[in-house]
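In the two complexes that follow, chain A is the common piece, with chain B as its partner first and chain C second.
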Partner chain A sequence: MSLAEPAALPVAASAAPRLHVLKRFSDRFKASLPAYLLLLPSLVFLALFTYGAMGRVFVDALYQRATPKAPVRFVGLDNISAVLADPAFTGAVFNNLVYAVGTAIPSIGLALLFALALARTSAISSALRAALFLPVLIPMVAASALFLFIFLPNVGLLDYYIGRFLPVLPNWLGDSDIALYAIMVITIWKNAGYYMLFFLAGLQAVPEDVMEAAHLDGAGPFMRFRHIILPELKPTFLFVIVIATLNAVTQVDHVFVMTKGGPSNATNLVLFYIYQQAVEHYDIGKASAATLLTLAALMGLTALSFRTMANREGGP
Partner chain B sequence: MKLIDWLLKDAPLATRREITPKLGFLLTVLLAVVWLIPFLWMGVATLRPASDGINLMAELMPSLKPTLDNVRDAWEIGDFPRYTLNTTIICTGILLVQFVTITLAGFAFARLDFAGKSLIFYLFLMQLMLVPVLLIVPNLKLVAQLGLYDTLTGVMMPFFASAFGTFLMRQAFEAIPTELEDAALIDGASLFQRIRHIYIPLSMPSFSAFAIISVTSHWNDFLWPLMVINSPDKRPLTVGLSVFTATAEGTQAWGTIAAGTLMVIAPLLITFLIFQKRFISSFVTSGIK
Partner chain C sequence: MLFTRRLMLGLAMAGTFASALAVPAMAEGPTEIDLFFPVPVDGKLARDMGTLIKEFNEGHPAIKATAVYTGSYDDTLIKTRASIKAGKPPAAVIMSANFLLDMQIENELTNLDGLIAADGTTKEKFLGQFFPALQGNAVIDRSVYGVPFHNSTPLLYINADKAKEAGLDPSKPPQTWAELTDWAKKLTKREGDKVTQWGIAIPCAYDYCGWMMETLTMTNGGRYYNEEFGGEVYYDTPSMLGALTWWNDLVYKHKVHAPGATPGPAVSTSFISGNAAMMMLSTGSLTYVRDNAKFNYKVAFIPRNVRNAVPIGGASLIIPAGLEADKQKAAWTLIKWMTSPEKSAWWSRATGYFAPNMAAYKTPDMVDFLNKNPDAKTAVEQLDVAKPWFATYKTVPVRKNLEDEVMLVLNGKKQPKEALVAAQKAADETLKPYNAETSLKLP
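After this line comes the complex of A and B, so read on.
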């Protein structure tokens, strides 16, 4: 029952049938009005920058200019097909898939290792947790500035300490076969500590007495991990995989600072492609088409995370 | 091994002799050290005198003649005080507006019954999925149409409503016993008075958790301000640092880059080290920002 309009509720019972529906509707609306007013500020900004933005992407993807100064005209699906035919875009999609898988699996694996090792709270384990969490806090741009030097050929940190054991010094960011993997290292370094937190929280649900009972029955560490811990962590895994995938699409600031998508598009990712089309080529049509395709691709994931989130939030 | 035995001293007695958990712990310690190396290098390189030359730049042993020259250079080359001010304005502005929007919306979801509640709830939920950074192109166009291109307000605006914050507030408000509000209602308190004097004061832990997430994520935002801001004096720290890095990289001034990076991340790191527990629990609740 609404506390805001306690008087409006029991009146409508005895009106004529036709009026009845209308009146019930207007009463319902009247009773709802305070809530709508409270939601209004949020809804205005959501409408402008989330739903409105979605709508504008749809429309913008259908228009194109013949020359940079010409007025926009309707071109239907031409932008979409132009983007799909652009090797830079398909390359970026492929890179992004490699990047997503190659960052999600190691960072989630490491996060699980960290969480299992540091689940027990002590002064030392919380210091180690803090150390592993530090990269999460800093801007991707700052991480990029540090890793620019780490990957610097010949005099950089990596070559200085490890390079001397290699016969040929690789050019970490300059070699198109290696650059994407170098970029991935930064993402893993930055995100493992974040995902660790979710596994630490998930591990609290693992009952200690079941673990002990399993041990007494002769289950070794791997058996206990496989049959007790892993099933308990299933929702955590699902949740972290969703976040890791979203991060692989959206968290690409290091590409801007370190490689600008190069060498020869080897580290071009989808969001950087969109940025290039919009800001460097002033091609809003193609940028919108690429945005639209990316949004559509994330829809499957969205449906999945919808369910995960709804479960977490407990519904309205 | 003695140390590890000591660390595992409160593990259940039965499992204390197993070797696998110890190996895992050892590996984690090793990796934690590796994880800290970039920070260690940043500190050492910041204090290293230029006379050490480029070949010693990667050395992790601190120089015996530490100097603050790099800090001074970074301070003079990059306009860091200005960038810090801009970032502070952006983070504070976003947080203040969010504070109002999420309180009102959170209250509506927690305490009021209204037509279309589920539908509106899912509309909010959608914002968590449609990560705003993907919508940079249409939002840049809108910001330009509103005449807010190259303004700090333009940088802030897309974040004024927060679904995550709304849900956090809804949860906090739902936990407050209705008896408190009923008492105020009898005393004739208006809706806003009840929110102001009952709900907000009792939800401070949730507000601070949200503030931590909001400020750290917008402190670190890069792509969106990069697109909206054009004038050098309106750059936030991240954009300023990227320009600064690009300039200093050309002259191989790595000590200066390290000093500049240190200046950008120091405020966050210091705050984190002071409020460690609170940060960690906030990030756990964050999930998708």
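After this line comes the complex of A and C, so read on.
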């Protein structure tokens, strides 16, 4: 309670000159008018294609039809509670969490490893960088079609090479215990090269003189990595983690091509669940409600990460 | 100043665009129509469709048809619905035959009775051109909503070389489940615990899995759904329990079928590569197998436990609701042309689907073709025992309710009985809104 008392004082003091604040606000607005005018075209398109669509989703999420021929009617939060009660949705959220953690950590780890190994530019390292970046250039749909053949049970490339070392040949995409991990392998393969680029850029920013000083002070490679490189790469890490998490929610092309969320929903991710509700169930209300929940989670995550980033930049 | 000039330029450009778009619509040219078509099976269907439409346009100067490729059967439904919602429906669509009921319930189809009557013929006469087994999926509430275009049934494919190797006679293929089980056991090869050749492969992925369950249930004497009413499915029944238990036994008791869910393309690849000695697959894959198998193969009816029966598959031509009269008429001309005996026969030879128009099999080219490829004849003969494809309110989710549970069984996670009880419960829930409006709406 004692903490609350001093906090109450400044609120009372600043509440009085409200007119003054308004005037200051309008002055500031006038000053930045040209900026807003310049932003106007982009804002119009953002409003039309991003915020407009979001608004529509928000409205759609509140309506539902009771029977096929009945008109849509306002149901408030019923759609949201229906989505939350749907075991397919909670299953998809759980899958998505496993998928996000299981793809973000290995692909970021690999990316850092690649970047450290290939930080110095030479003919060989440039060639290797290009090779590692190649998966990024292949569209996800095409990559999925390729992996469909690689994962074919018994006759696919994977079983052809490693099948002889396994006691039984797994049905990579048809076994509900393995399918999600098979899908994750593709994501890691595809994204590690992309994240490597950010780490390569981050490594360029590590000050050369600090590294040299550490070298002279007798710091070994691990000490230098732990105490100089890692702290310098913190903003890069934050950025890549956000991107990787967003990718885990927004990239479902391979699910679409390879498993359609199956077998038995084992590879169903949130975005694919939304697609199923909208398209297969033809239930726009529930699809919009699920979209809204996902959007809220993503926006929360983004806000959190931006705040952390801002704090880092402002801090020591 | 700068802004106004930009604005003027922008307006001028927009104006040019608008007039460019408006001109062709106003000019007195041919009626332009779109045909949405899916490519659901292996092969080069898209090129064949281009050939077909080109020929149509050359013969009909008053109409300009464009074939638009729309992905799989499921994708085609999505895209058609999206265009209807956007107010620009395509003039005709090759639609998976079991989606028609769902679309009719949602008021998305044009009733074709009027167009048939305008031609001076009767419904009975018009439908009489097609195999009777196909009519169930084209007629809803005694009105015609679709025209059968290319159709299929499931077939048993046998690697004849491997059968001979195992001491089996491929000219006498298995006719009952007991015989098939016996064949599959003899055709499975093992090295220790590892299976190097599977006796039989049956596809199970969303879409195919439901179709195969319907096939096995029907050969076990059962029905999958209520053919007269879209609000009921029969998942928790003895006939389906027997079907799923047999499938489960092939995997876990006899160990002649690979565990897990295997999609159609993986099954056909497995068969072509010699990894599976027998498979159950659509007649639509017949041309693909004929072109790619490097061994002698044989096709046969799906073996029975109680009776010989199979569901049809494939697609019908439909006209979406909400189309202008001239486009509707043009679409009807295109549909009649595409389903005529000659074109139907040509398409059948190109794809492996059978031709729904019975007269197609009397054309000289077709008689010739069947003499050369007796396997195509088996597909047609099986039509005598074919019945409609399951179609309910929300066909896809209701089907998925069953498929998810079947996949759990094939992965060894559930026993058939508990899986079917769960599937029935889920499907009843999905069908509830429709029943509330129909069977349970009481005076």
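Just so we're on the same page, the second predicted complex is superposed on the first by the 262 of 316 C-alpha atoms of A that agree within 3 Å, B and C clash if a C-alpha of one lies under 4 Å from a C-alpha of the other, contacts with A are read in each partner's own complex, and residues count from 1 in each chain.
Criterion: a residue touches a chain if its C-beta (ideal position, glycine included) is under 8 Å from a C-beta of that chain, and two chains touch if they have at least 3 such contacts.
Model, not experiment: these values are computed from the prediction.
Novice: Overlay done on chain A, so just call it for chain B and chain C: clash or fit.
Specialist: Pair status: clash.
Novice: Looking at the overlay, does A:V279 come into contact with chain B only (first), chain C only (second), both, or neither?
Specialist: Both chain B and chain C are touched by A:V279.
Novice: Spot which of chain B and chain C makes contact with more residues of chain A, would you?
Specialist: B
Novice: Should A:P106 be classified as contacting the first partner (chain B), the second (chain C), both, or neither?
Specialist: In the superposition, A:P106 touches no partner, neither chain B nor chain C.
Novice: By the touch definition at the top of the document, which applies to A:V155: first (chain B), second (chain C), both, or neither?
Specialist: Touch status of A:V155: both partners.
Novice: For A:L46, select first, second, both or neither according to whether it touches chain B, chain C, the two together, or no partner.
Specialist: After superposing on A, A:L46 lies in contact with chain B but is clear of chain C.
Novice: What is the contact status of A:D253 with respect to chain B (first) and chain C (second): first, second, both, or neither?
Specialist: First partner only.
Novice: Let me test your reading of the model: by the given contact rule, A:F222 touches which partner, first (chain B), second (chain C), both or neither?
Specialist: first
Novice: Of the two partner chains, chain B (first) and chain C (second), which one does A:P235 touch, if any: first, second, both, or neither?
Specialist: In the superposed model, A:P235 contacts neither chain B nor chain C.
Novice: Once the structures are superposed on A, label A:G91 by its partner contacts, choosing first (chain B), second (chain C), both or neither.
Specialist: In the superposition, A:G91 contacts neither chain B nor chain C.
Novice: For A:L118, select first, second, both or neither according to whether it touches chain B, chain C, the two together, or no partner.
Specialist: A:L118 contacts chain B only, not chain C.
Novice: What is the shared patch of chain A, the residues that chain B and chain C both contact?
Specialist: Common to the two interfaces on chain A: residues 148, 152, 155, 279.
Novice: In the complex, go through chain C and note every residue touching chain A.
Specialist: Interface residues on chain C, with respect to chain A: 3, 74, 78, 81, 105-106, 193-195, 198, 204-206, 258-263, 265-266, 269-270, 273, 275, 393-394, 396-397, 400, 403-405, 407-408, 410-411, 413, 430, 433-434, 436-437.
Novice: Provide the residue numbers of chain A that touch chain C in the complex, in ascending order.
Specialist: 37, 66-70, 148, 152-155, 167-169, 171, 173-177, 260-265, 276, 279-282
Novice: Within their complex, state which residues of chain A touch chain B.
Specialist: The contact residues of chain A facing chain B are 1-4, 28-29, 31-32, 34-36, 38-39, 41-46, 48-54, 56-57, 60, 110, 113-114, 116-118, 120, 122, 124-126, 128-150, 152, 155-157, 159-161, 189, 193-194, 197-198, 200-201, 208, 211-212, 215-216, 220-222, 239, 242-243, 246, 249-250, 252-253, 256-257, 271, 274-275, 278-279, 284, 287-288, 291, 294-295, 298, 302, 305-306, 309-310, 312-313, 315-316.
Novice: So in the complex, which bits of chain B are touching chain A?
Specialist: 7-8, 10-12, 14-15, 18, 20-21, 24-25, 27-29, 31-32, 35-39, 41-42, 45, 54-55, 57-60, 100-102, 104-105, 107-109, 111-118, 120-121, 123-142, 157-158, 160-163, 166-167, 178, 181-182, 185, 191, 216, 219-220, 222-223, 226-227, 237-239, 241-242, 245-246, 249, 254, 257-258, 260-261, 264-265, 268-269, 272-273, 276, 279-280, 283-284, 287-288
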